[in-house]
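Could you have a look at this structure, given as structure tokens, before my questions?
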Amino acid sequence: MQTYPKKRLEAFVEMPVLHRFTKLLEAEGVTGYSVMPVVSGSGSDGDWSREGSVTGAGQMVAVVCILSEETLEPLLDKAFAMLSRHMGIVSVCDCEVLRPDRF
Amino acid sequence: MQTYPKKRLEAFVEMPVLHRFTKLLEAEGVTGYSVMPVVSGSGSDGDWSREGSVTGAGQMVAVVCILSEETLEPLLDKAFAMLSRHMGIVSVCDCEVLRPDRF
Amino acid sequence: MQTYPKKRLEAFVEMPVLHRFTKLLEAEGVTGYSVMPVVSGSGSDGDWSREGSVTGAGQMVAVVCILSEETLEPLLDKAFAMLSRHMGIVSVCDCEVLRPDRF
Amino acid sequence: MGDILNLAGTNLLAPPVLFFALGFAASFARSDLEVPQAVAKALSLYLLLAIGFKGGVAVASHGIDARLAATLASGVILSALIPFIAFGSLRAFTGLPRVDAAAVAAHYGSISVVTFAAATSVLTSAGIDYEGYLVATAALMETPAIMSALLLMRGANGKEANGTSGELWREIALNGSIVVLTGAFVIGWITGPKGLAEVSAFIVDPFKGVLCLFLLDMGLVAGRGMRQSARDLTPPLFAFGIAMPLIGGVLGAFASYLVGLSPGGAALLTTLAASASYIAVPAAMRLALPEARPSIYLSLSLGITFPFNLTLGIPIYILLGNIAGG
Amino acid sequence: MGDILNLAGTNLLAPPVLFFALGFAASFARSDLEVPQAVAKALSLYLLLAIGFKGGVAVASHGIDARLAATLASGVILSALIPFIAFGSLRAFTGLPRVDAAAVAAHYGSISVVTFAAATSVLTSAGIDYEGYLVATAALMETPAIMSALLLMRGANGKEANGTSGELWREIALNGSIVVLTGAFVIGWITGPKGLAEVSAFIVDPFKGVLCLFLLDMGLVAGRGMRQSARDLTPPLFAFGIAMPLIGGVLGAFASYLVGLSPGGAALLTTLAASASYIAVPAAMRLALPEARPSIYLSLSLGITFPFNLTLGIPIYILLGNIAGG
Amino acid sequence: MGDILNLAGTNLLAPPVLFFALGFAASFARSDLEVPQAVAKALSLYLLLAIGFKGGVAVASHGIDARLAATLASGVILSALIPFIAFGSLRAFTGLPRVDAAAVAAHYGSISVVTFAAATSVLTSAGIDYEGYLVATAALMETPAIMSALLLMRGANGKEANGTSGELWREIALNGSIVVLTGAFVIGWITGPKGLAEVSAFIVDPFKGVLCLFLLDMGLVAGRGMRQSARDLTPPLFAFGIAMPLIGGVLGAFASYLVGLSPGGAALLTTLAASASYIAVPAAMRLALPEARPSIYLSLSLGITFPFNLTLGIPIYILLGNIAGG
């Protein structure tokens, strides 16, 4: 089956910043994204776990977004600017999709 | 360490269709898959969030499946046919595994 | 924007082994990782679902770790040794990051 | 009439309605308040289990009367019939595409258990009794409406709806909410008042409080839905969301009269006919009519009809029940 | 004997057993009914906390008697001993591979808190008293069986089991379920009846209702497990799943007789000996004996022995307790 | 003084404190015990809802007195003022960087609802009454401290803190915990004792038991935090975590005296002033002062000040309330 190259962006962002990050995605014209839960983790700011916790502070979520290379470029700059003061990381990998018009 | 090229399929599918989709995977001979939760998202059909909701309608889950290129080809056609009327997207990327015989 | 090539390791490991696996990651010098929930799955040991279950036995979680190629190599050997007796699979794919110094 | 105004006033200022309003308002003000999904599902499970169990115990206590079969049958007929009326109205007055109209119609034929729960709680506060087998009627009314909706679509284009196979029907009929409601009803019937006594500190006493918490959640979800799909809801659709439960309610009251239910029982059958599904039918529609837009049917059912029923509807249905009931 | 048949009949038709049956049936019919994991864990936590607390309060009220130490010791011995019997039977009659047999054996030496909870709830309904320190006995019986299983494997091939290090033992001994049961027991002991009075509306009153909900969940999980691993369960294994709790129960009753427990206490020690773990041991086996198949030990423990104990076992153990107890 | 020692002793051995200690100990022993996040959030929601509702009902029953406005105002002033004292002390004695000091200061100006809940539960057990509008005061005290902290940072470097926009303030003011506390208070006020009677089996009776379970969870989380950031907590910081609540408490007691609150009300305002936020402020700091380290402010608030307040603080604040209150 014919597939088309796109990009898969995966960002681990702090819960309190999530809303701003997804707003940025929308502003940059992505056609969709999904937010996935993260249970626990470790990084330069130490370990954390969501279990038992009632505050969003120090908790991460993962935002997964399939998008086109053209949309990605300008978005990365802005994501970098937004997240530079916050916890979390962004990575991008190549992927193939079935319906190119959807991204 | 020696690694072997495989494919990583990631499908965001609607909860009500999940069962049919995994049945398809099994019918196509994948050796395994994992279903991961999605908390919220946005797409052409609007925004959604699982929190507070008791119906599976409009809720997505992610199915991740590591499989061989040979299994992938026929599967993609059928997945496309099944999901074309439903919400969700499928993407595939290259990956490497340690135990090739398992896929 | 300038990006840098890294690796994305994704391991589906059994819940009871999680703690040992993340300890291994830390011992091998990764700078961070995230643990993501898995709802259900299927593999050579049969099907499982977390819903309703109160024991960690037979339940999987996903560990996602962005790391450098140099860290990956020795880690893979040890991960293989640790997980060989357990359920689960490890896959690695290429990715790009924004802040190379962080990995 | 004074009574009913009184009841309406009391109802509007009772904790359940106020908690719903709180959730709705919080959602509109874009507060980050939310009830975790696992908790929402647990609350829903609790309400189904409690309602089912108490209904079964009521049947065990008062015995089955001649009206049981007639009530069950009238519930099934209402559920199967209302979608045709809903579909016709939607096509005539709202310009909704065929598939969306059919999906919405299925929701209004089917029922909302939490509306039923709220109605029983108002009846209990007002000291009005009702037949326990109304719970079984509720369970039976969940699915016939779906069948009608699929018939409507098949009639439309000759093309078969997606997967109208035995598998689809198994999935629909064994939806978790139907299983718990029915199962708890049977268990309540078997164990009777003695069984109830053993678990009433869990099933009876905190019921209204749990209902409040669940309604807070329903308010949050309904408000979120309304915020997101306000643009989809044209004035005719909005009017449908208010008028349709009233039409359903009148039919329910009429059926109650024919069957000869008590005023309380009639109020409940009226409420069932007037209420619209928000658990089982939406999921079924994603399988059977995937082209129908959830933003339409969920907004109508959860965002308009449910709040209307909870606030003004229930007192009206109790009034109708009073008129229709023996 | 009439009494016991009576009790068995009552038990079979009591809400807890019926809710378990509902879950089991729903699972077999492949309903999508499920209890979210977070809720199942909360229910389990609640039951452990409530049982532990009430046990501690009972000890605070009635004081420690001479039999306390003997009861604790006999619990430990039963837990350590039963795995050898289980392992021997499995190897002799079922052809189960060594590692699977050892893992299964560990489950049967250890205990199931929800079986214990169900038994206390039957005793309470029947107005039979029991020694509060049986709860502490339950906590102590969780782990010795694991040690026996590892001994059995080491005996087998000289090769050390995976990570039989101090770390492994810390993880096993500090399993959350053991910590809550023991901790709540100590808290109940410290605060006594005065403490209980303050929290009894949470810990005592809704207990049986919560147990019903948890058993619904257990039924769902057990049914799912049975559906998936029916093919692994050969007739000899099935027979083991029924016979082994009876053997354990007889040993438990005998120990109760030696120790001189009351009929209620004897019924509970019998139940503990007869029950099989489904939380702590499965997790420990994944660490210590990863080659053992969970589908075998979880199906046996949850799918066969637990339902047997819940329905027919508990009345039998109460009978045995009656015979053995002072 | 004898009374207060007595109260302190009673408090230390009461179930809530013991369950907190159990969680703390389990966490330190690295047990895998944990309360699922969804359940922790549900327990927190329940406590907020119950406290808010009961406070509103109390106001409905006893009416508003002249002191209402003065109490609310003094709460706002305390919340806005305490951060300056905290910030000054931190900068003078602990060498904490400016941004961390400001973030910590915001936590101590704001309040902890679970500390408030524990204090009301001690008061209730001791039969001491209090003004219902203290609940509204608690809700109002959540945010002014955040404003002060941002002022402190702006004063520092002229540079604007991150997003001190209207949007940020909306997010802070509409934090879910504030909305539920305030909303339930208003609902309680509207429905009054009649509303309370309908839901008290859910909201009043199990309150203390639920508090115990939530404190078990708080102990687990606090212990985990302490284990992970022990190295960040220098002795001066540790001392701050004990001294600051006492300073805040004295200010709270003084304010209570000026306002003329009853002894119970004074104890609660003292407790509010002494307590440190662990829900709303941490999340706000991640948005407003992202450079501040959560490991510092969460460890101080949850790991040191909260346990201190729960065990020794509350009896002291009740004593202070007794001295200050009319």
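Just a few scattered comments:
As written, the chain order gives the labels A, B, C, D, E and F, with residue 1 at the start of each chain.
To be clear about the criterion, contacts are C-beta pairs under 8 Å (C-beta built on N, C-alpha and C of every residue); 3 or more make two chains touch, one makes a residue touch a chain.
Note that the structure is a prediction, hence the values are computed from the model and not measured.
Shared contact partners of chain C and chain E: not a single chain qualifies. Remark: among chain pairs E-F and B-C, E-F carries the greater number of C-beta contacts.
With centres defined by CA atoms alone, the chain at the far end from chain A is E.
Ranking every chain by how far its Cα centroid lies from the centroid of chain D, the top place goes to C.
For the touching copies chain A and chain B, the fraction of interface residue numbers used by both falls below half; the interface is of the different-residue type. Rounded to whole angstrom, the centroid-to-centroid distance between chain D and chain F, based on C-alpha atoms, equals 41 Å. A separation of 34 Å divides the Cα centre of chain B from that of chain D.
Touching two or more other chains at once are residues 32, 34-39, 41, 171, 205-206 of chain F.
Within chain B, the positions touching two or more other chains are listed as 36-37, 56, 93-94. The touch graph of the protein chains shown belongs to none of the named shapes. Listed by label, the pairs of touching chains are A-B, A-C, A-F, B-C, B-D, C-E, D-E, D-F, E-F. Within the complex formed with chain B, the residues of chain C that make contact are 10, 12, 36-44, 60, 62, 73, 76-77, 79-80, 89-94.
Taken in their complex, chain E has these residues touching chain C: 34-37, 40-41, 44, 162, 171, 217-218, 220-221, 224, 228-229, 278-280, 282-287, 290-291, 293-295, 298.
Interface of chain C with chain A (complex): residues 1, 3, 6, 8, 22, 26, 31-37, 61, 64, 66, 93-99, 102. Interface of chain A with chain F (complex): residues 14-17, 19, 45-47, 49-58, 85-87. Listed in rising order, the residues of chain E touching chain D in the complex are 13-15, 18-19, 22, 25-26, 29-39, 42, 125, 205-206, 208-210, 212-213, 216.
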